[in-house]
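Two complexes, one shared chain (chain A), two partners (chain B, chain C).
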Partner chain A sequence: MNPSIKLLLLLVIALEISFTMIISLNVALVVLAIIYLGLHGTKLKTLAWLLVVPLLPAIGLWSTQYINGSGDKTLMAWVLFTRIYAFVFTGATFTLTTNILQLADALEQNWHLPSKFAYGVLAAYNLVPKIQHEVKVIRAAGLMRGQQLSFWSPQLYFKAILVSINWSQNLAQAMASHGFVEDAPRTHYRHSAVHARDWIILGLGIIGMQIGVFVIPWH
Partner chain B sequence: MKWAKSWYLSDVILIALIGIFFGAIFMGTNYVYDVLTAALAPVGLAGLANELLLGLWCMPGMLAGYLLRLKGSATLGELLAATVEMFFGGQWGISTLISGVLQGFGSELGYIATRYKHYDWLGLTASAITTTLVTFAWDLAKNGYFKLQFWLLVLYFIVRFISMFFFGGVLTKLITDLLDRSHVLKSTHNN
Partner chain C sequence: MATITLHNLTFSYPEAVAPILDQVNLTFASGQFTLLTGPSGTGKSTLLKLMTGLLSLPANQGSISFNQTNLAAIVPTDRAAQVALMFQNPNQQFAMDTVENELIFALENRQLPPQQMPQRLTAALDFVGISHLRHRHLNHLSGGEKQKVALAVIVAMDSDVILLDEPFASVDPTARASLLRRLVRLRDEAGKTIILADHDLTDYEPLIDNVVRITAEHTLAIVPQVQQPALFQAFNQRVSTHTTWPTPTSGTPLFQLKQVTLQQAQHQLLEPTDLTIYQHQTTLITGPNGSGKSTLFEALVRLQAFSGQLTYLGNDIQKLKRKAYARQVALLFQDAETQFLNITVAEELAQCQKYAYGDYFTPAHIDAALQQLNLAGHQDQVIYTLSEGQKKKLQILLMLIMQSPVLLLDEPLKGLDLASINALVQLLQTTLAATQQTLIIISHQLTGLTPLIDCHLRFDQHQLQYQEVT
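After this line comes the complex of A and B, so read on.
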């Protein structure tokens, strides 16, 4: 499925469950997402991990409503508890089956996102391991001078930004030297297309969501 | 896409790199959030952990807006940070993207209100206020805040603004002062 259409459908779903209070709908979405992930060969271990990740915020939201809510406290507590699971599992149907390269291709080729945004972000994204390493280097360098750099130290962010400025210029020059011209028309090695099938799935998904919200009595 | 013309490739990479850098730093703060949430959940105040740290998570947007001074830089900076967070398996799944856009646009509103001219305390304070308002409105729905008792809403709102002002305002100002003193900012937009 085209990544951009898939993302659009998921965003519609996320927005809609943010404004509805139907526990069974949230649960149904989680079940559907698990089936989808299962069909795509997601490991059980990953699915179990997805159950653990949002547990703490979910309990936090649950207890806040249960103790300090108003009106039907129990209902709202469980709505929020299941809602965050719905967010995480529907999100996982995207992040575990699609990579950021496919998304960038789709946004550039199907939605006319200027190529400098698509490739600029990709260039940065591919530096993630190096960035994680660099944060450690900055912290270690601080420690060598007896400076403890924690997350509220301006120095830590300052040094990170200096590195970012440096790398961004190097990368931009490297890309330009390999023939990347901003705002110039491009040919594509990887093709991304929106098929009729994608629109049908999007339409069915949105209609199905409305049926779930307005038509089916969930009680 | 007129606004896109004023962006250079290096700006896009810079803003994405900053988002990822901040994300990498924030990952080290997850334990603060987890400990606070676990400690406050039994008394039904777990949201405070979120409120206290939200300013930190909104900082990439405010800083990007301040740093690049281009239309859309605050929104894009925060959105990119959120995208990266989602791909790394954040605790909020797909809603991370919606929150990212809203947080970024909230920060952007502050700069829009000051007509992209006030890169000082006025602009930063305006940005902190608008970010607080926009994100709070979203949490009324998403996190079910509209069902909470009124005193708790007021408490959350005040704590959130303080967090926004501290991280997005004071810390951003301290960081950008360091950048100003090092004279690296002017060179970023001339290549």
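After this line comes the complex of A and C, so read on.
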């Protein structure tokens, strides 16, 4: 499925469940998401993590609402509890099955976003593991110079920002030296298309969602 | 085929007093291999960036033309067809995740029809001899491998002029020779014009057509044929030295490796190894790119996971307090900028003096060292505007001032010219004599370094062992 259409559908779903209070709908979305992830070969361990990690915020929201809420406290508490899971699992259907490169391709080719933006995001994404390692290295470098850089030390952030600015400049130069010119036409090796099938899935998804919200008498 | 003409080229950086290039006039003939040389910090990188259009030349500051067409008048999308630049720092020239995707990115920018891409891609990788790296992640490649990928991109883009800015600073001799062979073939078979900036002139003599030097007057001069042998002579000596280093057997063990293995991603770098490195000996580590030398250093300072046991003076390093251990064992990072914590040179020096573990470096000593390293007068400069060579020298000075009992140096001579190397080795020798530190050095470049070395470790084929010759 075209990643940009998938993202669009998920945004619609997320927006809609933010304004509805149907517990069964949230649960149904989680179940559908699990089925989808299962079909895409997601490991059981990953699924288990997705269940465990949101538990704390979900319980937090549930208890806040249950203790301090107004109106139908029990209903609202469970709505919020299941909503968190619905967000996490529908989100996971995107993040766990879509390659960032495919998304960049779709944004550039199907939605005609400036290629600078698409590739900038991509390059930044590719830098993330390097940045994590860099923070470790900066702290080690500090220690070797007798200075402890704690997580609230401005020097650590100054250094990290400096490194980032430097990287971004070098990256811009690297892209330019590999022939990249802002707003210039490019050819595309990986062809990203929006097929009729994508539109149909989007349409069916949105219709299904409306049926779930307005038609089915959930209890 | 392209001839490059520089006409009255003048360039100064906004913060500088004097122009770094002053009224440069020169023509680089088409289809020739030119070596551009000159001490670090004299403007080689600046010139190459100007010629690529990465730095734009202000109006009325002369002109750069490719086949009589002014560079400024060439449409940006056509520039890559004219000229490509390979950078000094192998870590900062890629935008994508894998080798294949980076090549595709470049070809898409050149607007090559997609159906021609697979063939062009395969040909470029084959030409450089790195077909096996095609699907690898760029982050997992060694410096030398990255430079090979960078060359493959240039080959794929098929630019007429190939500029290389100290491309071999972090490349081992084998990879360097292989890259040089490819460049010569590009000149001879495809008629490319090649301009390569380097200060280490080893092995170039039989390959190149011209030598151009950056002069003290900030201009370029062609070195006449008769003077060239003298220029190369200084570098050829290293080939003829047959130094042997004994395998150490006695002394205080500094580091002890017990069944240590190293791994990067799914790649095994070091098989289970038992080894002792001794105190007060300067140990040199050599080995091909990607063998795992830097990873070993990162493991020694606990920036990299390893299995087995590693002890420092008999204590398991995993059990030592991070802070206390960092005061004992410091690493000189391969990338100089990693070491810096402040903004100006003076601030960095002050920081080190404040936290130094010994008092050998008095202000007078530091001034003398700055003179010796040709860094005097730069105290108020922002570190990040120093040239790569100046950064390297400052970085080493800072770590010497700290006087940690053990200093691991990862490619300390990277990007330095011969004069700087000699000054640096001298400084290291006098400092060592006074402070009794232990140095462990990774270096590809041995010119000038040999007087320092007591013993030699070879890291190759997943093995790390003492060897008498390099």
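We adopt the following convention: the second predicted complex is superposed on the first by the 209 of 219 C-alpha atoms of A that agree within 3 Å, B and C clash if a C-alpha of one lies under 4 Å from a C-alpha of the other, contacts with A are read in each partner's own complex, and residues count from 1 in each chain.
By our rule, a residue touches a chain if its C-beta (ideal position, glycine included) is under 8 Å from a C-beta of that chain, and two chains touch if they have at least 3 such contacts.
Quick caveat, the model's predicted, so the values are computed rather than measured.
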Clash-or-fit label for the pair chain B, chain C on chain A: fit
Touching partner for A:111 - first (chain B), second (chain C), both, neither: neither
Following superposition on chain A: angle at chain A, chain B versus chain C, Cα, nearest 10°: 80
Which superposed partner A:180 touches (first chain B, second chain C, both, neither): both
First (chain B), second (chain C), both or neither touched by A:162: both
Touched partner set for A:199, first chain B, second chain C, both or neither: neither
Touched partner set for A:144, first chain B, second chain C, both or neither: second
First (chain B), second (chain C), both or neither touched by A:123: both
Partner touching more residues of chain A, whether chain B or chain C: B
First (chain B), second (chain C), both or neither touched by A:68: first
Touching partner for A:171 - first (chain B), second (chain C), both, neither: both
Shortest span in Å between Cα atoms of chain B and of chain C, once chain A is used as the common reference: 6
Residues of chain A at both interfaces, chain B in one complex, chain C in the other: 119, 123, 155, 162-163, 167, 171, 175-176, 180
Complex contacts: residues of chain A adjacent to chain C: 101, 119, 122-123, 126, 129-130, 136-138, 140-148, 155, 159, 162-163, 166-167, 170-171, 173-181, 184-191
Complex contact set, residues of chain C against chain A: 49, 52-54, 76-77, 79-80, 84-85, 87, 89, 92-97, 101-102, 104-114, 117, 139, 153, 157, 301-303, 322-323, 326-327, 330-331, 333, 337-341, 351-352, 354-357, 384, 398-399, 402, 404
Parts of chain A lying in touch with chain B, wherever the complex brings them together: 7, 10-11, 13-15, 18-19, 53-54, 56-57, 59-61, 63-71, 73, 76, 79-80, 83-84, 86-92, 94-95, 100, 112, 114, 116-117, 119-121, 123-125, 127-128, 131-132, 134-135, 151-152, 154-158, 160-165, 167-169, 171-172, 175-176, 180, 182-183
Touch list for chain B against partner chain A, complex: 1, 4-5, 7-14, 16-22, 24-26, 28-29, 34, 37-38, 40-47, 49-50, 56, 63, 67, 80, 83-84, 86-87, 89, 91-98, 141-144, 147-149, 152, 167, 171, 174-175, 177-179, 182, 184, 187-188, 191
